[in-house]
Each structure stands twice: as structure tokens, then as C-alpha cells.
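Shown below is the structure under consideration.
In this document, chain identifiers A, B and C correspond to the written order of the chains, with residue numbering beginning at 1 in each.
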């Protein structure tokens, strides 16, 4: 059996979690676009003040930080600090042949943790709530990284 | 035939597109360095105001945001929001054995879209032009993520 | 022998370097958390000003940029601009079967360069010192990307 094929249920779990992570990261870009268009503010570049289909009513303060838009950018940044680490740690984890139950718990746990983190961030829950889900996701990736190192060293 | 070998033309297309993406992301760092040195501004850390080989004429306003330099940083951020998603979605896409023509269209299409996005951003084209190329690249990655999920679920 | 298995010493070197990169990126998040809690400043979202376990003494200026905390965020951003590129370039590099000695030099060299970059950044060494280690890491990733392209084209 090939390790990186859908016949391997550990790889299938990884493929689902990693693909959902892809949709989360790309979707966050679209949440920023949606919010930017909705409030017609939070633009990033001077040329975005030109009148056009996107910006029908230009005004200089559209380049200032707008919390509604910037919140989506902060969510995106937090994703980029955590999800690519999962992508590579998860792939390496698959390649060192972990137990299936452990792979499923960690991978679906990561998806759940990041989903709840996004929900908490978007709805302005307290720092404690957001930090809890961040911690869960981060510890999963750190565990997978350590597991891989251990497997190589004891290999 | 091994899926992840150069004998597989789907993998070869991915390897070309992913490696070009690597050169784009790393090259963007060097564009920032080039612009920072050219205008001697847009530094990021207080210690960068020490006189030295990089900064021969220190001045406090060198830490302020400089659009010429910051534009390259914004291009870099946009890359990081899109290209790592392509790297993992593309790899998973290869592993679920898509048709060759589809893989080539999507992968070279992504490279083209991101190249044109960079050109539009660097030359300050309108938000509409930049958004068009962003959208094309983003939809390609989103499609690949959905294709992978569908392949796993229908296994 | 499977290319992506621990029986392949080139893959083993990659797995060690990539996993250390994962721990570096995730650890940088925790350095930000540690610094934020230590100085009780540098928060990112308005709701972080609510009193709670994390923030026992809220004050409006806690949302301002704090260099001690922001330094860790800048280190994180620099990691994200370099380490994911290594993850994918390194994986592709393994898949085109480079000489073992070259793979080990590049992969452990990257880990060393990024470790020294982090040390130089955290301890506020001069821009020249930081730039030297950045350059070394960046050139390694760029070399691996070119090597992969060359292998595909001459494949």
C-alpha cells in the first residue's frame, strides 16, 4: 500500500483536514474582500482610491485601518501563523505511519480548533476564549512535529 | 509508476509551478531589500538606524512606512496568503490523480495569474486589474481543494 | 526503496529540518504570547482590553505597538516569508533525488541560518548580522527551487 494514497486511511484523514485548511485560508481572503466592499473602507494601496467598479465613492480616509476589515486581516495572519505549520507537520506525520486513531484525533481536532478560533475571533469573544482554541491547534501541530522528530531519531 | 516522480507528467507540472512559486516568494523578499536600500528608508526595527554597511546615513524617519518599500511588503503578504495554499492543494491534487490536461491548465494558470498580479501590483494598476488576477489564482486553489475533498469522500 | 520514507537518508534529513522549522514557527507564536503577558501590552484586538485572566489591568494604550512584543511578531513574519518556502522546496528537492551530502548541507545549513537569524533578531544585533543569516537561508531555498526546475526540465 502506498502511504500517500487514499487507500491509506491516515492519509485520507490528512487530505480532508489539509484541504479544509486550504479552504479556510483562501476563504479568509474573501471575507476581507467582502468586508472591504461592504464598508467601502480598509483599502491597502494608494491606487485603491481611484474611482472604479470596486470603489465608487473614493475618500482619503479609506486607507486608514478599519477594525471591521482589519479583523479579517488579523484572522488571516493568525491562520498563516498556524495552518501552513499543520500542512507540513501533518504530511510528515502521515509519512512516519502513526496509529490511525491518533491521526484522526489530531487532524480533526486541529480543524475543529481552528474553526472555533475563527468563530471566536469573528464574533469578538474574549481573549481567553480565542486563546483556548489557538492553544489547542498550536499544541496539536507542536505534538506532530515532536512525534516526527522522535520517529526519525529512533527510526 | 510512482505518483510523486518526474515520470508522472502531472507531478512534473506541479513541481514546475510550485518551484516557480518558491522563487516568486523568495524573490519578493529581495525586492523589499532592493527597494529598502535604494531609498534608504522603510526599515522595520529600531536597531536598523545604526550606521553601517546597509545604512550609511541614519535618520529617525527611516522607520516610518514608505510606500515604495511597503508596496513590496504588501505584495509579499498577498503571496503568503495565496501561494502556500497552492503548494499544499496542488500536492494533494497530484495525489488524487487528476486528468493531465486539467492539472496543467490549473497549475500553469496559477503561475500566470500570480505573475500578472505581481506585475499589476508593482506598477500600481487599478484595484480592478489586481483583483481580477487575485481572483483567478484564488479560485484555482479553491477548486483544487474542493476536488481533493470530493475525491476523498467518493474515494 | 520509497523516496518519502525514513529508509531514505535524504528524506530523513528533510524530515528533521522541516520538523525543526515547524517547532520554530509555532514557538514564535508562543514567544509573542509570553512577551505580551509579561509586559501586559501589544494586544491586537479591541476586545483584548476586557479584564480577564489574560489582562488583569486593562488600559487603552495596550493596543499600541510595543516594540518588545512587535519584535516577536516581526520575527514571526520573517519566518513565514522564508520557512514555508523551505518546506515545499525541500520536499520537491527530496523527490528529485539529490546527492545525500548536498541535501544534508543545505537542510542543516538552513536550520542553522534561521536559528542564528532568530538569535540575532531577538538580541537586536545590527542589521548587517541579521541580513547575513537571512541571506544564507534565502539562498539555500532559492538554490533548491532552481535545482528542482533544472531536474524537471532536463528530467
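Just so it is clear, a contact is a pair of C-beta atoms (placed from the backbone, for glycine too) under 8 Å apart; a residue touches a chain by one contact, two chains touch by 3 or more.
Keep in mind the model is a prediction, meaning the values are calculated, not measured.
A.B. asks: Nearest 5 degrees, what's the C-alpha rotation angle taking chain A to chain C?
C.D. replies: The rotation relating chain A to chain C comes to 120 degrees.
A.B. asks: Are the interface residues of chain A and chain B largely the same numbers on each copy, more than half shared, or largely different?
C.D. replies: At the contact between chain A and chain B, which are copies of one sequence, the residues are largely different (under half shared).
A.B. asks: Averaged over CA atoms, how far is the centre of chain A from the centre of chain B? Could you give it in whole Å?
C.D. replies: That pair's centroid distance is 17 Å.
A.B. asks: Could you list which residues of chain B touch at least two other chains?
C.D. replies: 4, 80, 84, 87, 91
A.B. asks: Name, in rising order, each residue of chain C that touches chain B in their complex.
C.D. replies: 3-4, 67, 71, 74, 80-82, 84-85, 87-89, 91-92, 95-96, 121, 124-128, 131, 134, 138, 141-142, 144-146, 148-149, 151-152, 155
A.B. asks: Given the complex with chain B, which residues does chain A contribute to the contact?
C.D. replies: 2, 4-6, 11-12, 15-16, 18-23, 25-30, 33, 43-48, 50, 52-55, 76, 80, 84, 87, 91
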